[in-house]
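Same chain, two partners: chain A is paired with chain B first, then with chain C.
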Partner chain A sequence: MHIPDAFIPIWQGAIYWIIALVFIALALKWARNEMNEEKLPLVAVLAAGIFALQSFNLPVSMGTSGHLVGGALAAIILGSPFAAIFILTLVLIVQAVLFGDGGITTLGTNIINMGVIGGFVGFYTFRGLMGVSKNMPVSVFFAAWLACLIPALCCAVEMFVAGTFPLMEGLVAMGIYHAIIGVIEGFVTVAAVYLIATARPDLIDSGVVAPAGA
Partner chain B sequence: MMDNKTFIIAGIVIALAIGGIAVFFASGDPDGLESTALVVQGQKELTGSTPEDAELHEETDGRFSYTAPMPDYALGDEMGPTGGIIAIVAGTFIAFVVVMGIAYGLKKAGKPVK
Partner chain C sequence: MIEELFQIERDAYRDSIVHRIDARVKIVIAFAAIIALVAVPYSDRDMVYTVGAFFFVFFCLLWCCTNLSFGVYLRRIWAIVPLWGIIILFQVFFRNKYYTDYHVVMSLPLGISIYAESIEFATILFVKFLVCISFIILLSSTTKMHEMLEGGARMGMPAEFALALGMMIRYLFVFGYMYRKVNETLATKCFDVFDRHLPYRYRLRQLGYTIGTMFIRSYEQGERVYTSMLCRGYGRESYLFFERKPLRAGEWAFLSVSLLFIITIPFAVWLTSFRLV
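Let's look at the complex of A and B:
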């Protein structure tokens, strides 16, 4: 759901950019406080992995393809929505500037959708479900699924405001496609969390193995 | 438990493997946002396949336009899959280095002055 420059008027893109900058500042503050010699490689490896995963478009039927976004993954593993904003912001900048995936004036919007909304939805869905179900894979799966679907619906609303899509048609199509793409996001995120938790249990946030508050 | 060096190498190898497979097996179908745009523009049925000749109409009037050095994760048709692999490898390393660099810089800057 990388929005290209052509889909949003420049002035609206500027508004989203300003909002995005506030969250980027908070994410930088998070990085400054949380980063240590041990966590640094994990964060950088996650960014490389999320970049690679995002380049892999899988067919999701109905003439559509989709790829992982990674917001939930980063937020769950590192235990903060700001981790997702930090990593996704940098990955999205690389994608837009070097690969033309997503626009420049729309980069702020993309950071809000995939980093901010994806990160917050993924993180708090995970925390909530983990508290209720105590089941890590199920909580991760639904957190990742929602972290794909909700930003897509927000994107549809932004497209409506931009005059690019009609509201209902956009919501229905974006919703259906990303509900399916989200299933991929869910499975891959569960697999990635397992892999990292097995390789380096010390690096991941304690909320992943023990339910919040436990 | 893996040490940091092994973890970084293993992580990058996995990332590169995923990216490499992607060059050959990634679906050429439009993504969710582009598909929605095609549906809205009447070029595609909501649940139908994407027609071969479907072309996204993009508003360019008064919109910013930018041409990236490696558009669509490739280096042009003549380079084919090789170009794709170069683009993905470059992107994966750049993502790693950029995040590592900025995180490291922030950590340095964040150290309390004694």
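Let's look at the complex of A and C:
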């Protein structure tokens, strides 16, 4: 899902950058208002943690593997989609500049996909489902699944608009692949949030509590 | 990716004329080269090849001055290229909006064809991708992470980002060691996430708990750091301090010549009919 340089024409990359900058500015505003002295280490740890999580290869099928995105996890733990944008921006900058995983001209696109779309979809799916079902595992699972699938579909659309991959083939390939990875991401995110809510409930800002008997 | 972290930093801690150049100069040159090459339109194949070749020679010259072997470069390329290399390879089967006429080179079963124009487009993508990645490898292999952060902060990166990024970079290495330990522990227990003999749900649950444990342990590490920071006078209004560091005359000269080259080459190739191919 990390689109590298050359896969998006420069003018389209510039448009995505401008859109991303608007959300980065809003995330910075969130950081100035919400990132107090106690939260800063957590934000830095979460950013490094998501970087590490993306290093865990998860088995998909037929010998292929994928990795977590982590946008939903960050948004749920810190209680804001802007936290996910802030954290994913840090992670994507480090990945692009140090490891060449994702490009410089496409960094705006990647921030929009994984940070903005992943963060908003993950957070509001979680909030909506929690309001309806009051079931933490189900809400976290679907939030993480959608936060993996929707950005992947957007990535396919962006590459179609760029003219570097056909739409239907891209949607089918990215959709199927990330629907499977999304299931794994859902399970792993539920397990991670469940464990954190059980062991350190004070770390979670979005009101998640571990089910009784945990 | 996290396994590379230690090797990249070891490479960055070596000494050479390129390593000693200010991080800002290297960041600007790498980004400028990437932007300039990406800006060359897909539609002009020969221009992409020509500008790509000039930039790659420029990269090779710089790499020769780094005291790093080309094996290091090739190992890093090998770690990055395969995934997107496959996507580039798939281009040969698809038509795209950059060509109007397509000529079939080979017909395969199920109505799949390989087109001459699609091969050309895949090659264009590959050249651009390879050269862009090469400049990123050059930048990261010759610049320490904290120098990169200082360079970014001196060029106007928001203070909130600089502060969080600085702490994140410290934690990356903590996570790197923790990641190794977790992997060693899992290996000691003969746990293999790809082992089909183990139930799938069991493997996922183990991974979930491992990831949750990493978060908790890292947050506790963060709390210890936070307490230490409070003891040293840290407060809400604290920001990382970077002293002013003007570029030296040699760095200005190198930056100017490099930028002139990076800007001039595409324009010269565009304006003249000079093509390498």
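Keep this in mind: the second predicted complex is superposed on the first by the 204 of 214 C-alpha atoms of A that agree within 3 Å, B and C clash if a C-alpha of one lies under 4 Å from a C-alpha of the other, contacts with A are read in each partner's own complex, and residues count from 1 in each chain.
In this text, a contact is a pair of C-beta atoms (placed from the backbone, for glycine too) under 8 Å apart; a residue touches a chain by one contact, two chains touch by 3 or more.
All figures in this text were calculated on a predicted structure; none of them were measured in a lab.
Have a look at chain B and chain C on chain A after the superposition and call it: clash or fit.
Pair status: clash.
Applying the touch criterion given at the start, work out whether A:Ala96 contacts chain B, chain C, both or neither, answering first, second, both or neither.
A:Ala96 sits against chain B and chain C alike.
Based on the superposed arrangement, let me know which partner A:Pro201 touches: chain B (first), chain C (second), both, or neither?
The first partner, chain B, only.
Which partner does A:Val190 reach: the first (chain B), the second (chain C), both, or neither?
Second partner only, chain C.
After lining up the shared chain so the two structures overlap, which partner does A:Leu28 touch, if you call chain B first and chain C second: first, second, both or neither?
Touch status of A:Leu28: both partners.
So, A:Ile176: does it touch chain B (first), chain C (second), both, or neither?
first
Now for A:Thr105: first (chain B), second (chain C), both, or neither, which partner does it touch?
Both partners.
Enumerate the residues of chain A that count as touching chain B in its complex and touching chain C in the other.
In chain A, positions 4-7, 9-10, 13, 28, 31-32, 35-38, 40-49, 51-53, 55-59, 65, 86, 90, 93-101, 103-105, 164-166, 169, 195, 199-200 sit in both the chain B and chain C interfaces.
How about chain A: which of its residues touch chain B in the complex?
1-10, 13, 28, 31-33, 35-38, 40-53, 55-60, 62-67, 86-87, 90-91, 93-101, 103-105, 152, 155-156, 159, 164-166, 169-170, 172-174, 176-178, 181, 195, 199-202
Please give the residue numbers of chain A that touch chain C in the complex, ascending.
4-7, 9-10, 13, 28, 31-32, 35-38, 40-49, 51-59, 65, 68, 86, 89-90, 93-101, 103-105, 163-166, 169, 184, 187-196, 199-200, 203
Provide the residue numbers of chain C that touch chain A in the complex, in ascending order.
Spelled out, the residues of chain C in touch with chain A are 1-5, 8, 30-31, 34-35, 37-39, 41-42, 76, 80, 84, 87, 90-91, 94-98, 125, 128-129, 132-133, 136-137, 139-140, 145, 148, 158, 160-161, 163-165, 167-172, 174-176, 178-179, 193-194, 201, 203-205, 207-216, 218-219, 221-223, 225-226, 229-230, 234-236.
For chain B, which residues are in contact with chain A within the complex?
1-2, 4, 7-8, 10-12, 14-16, 18-19, 21-22, 25-33, 35-37, 39-40, 44, 46-50, 58-60, 62-73, 87-88, 90-100, 102-104, 106-107, 109-110
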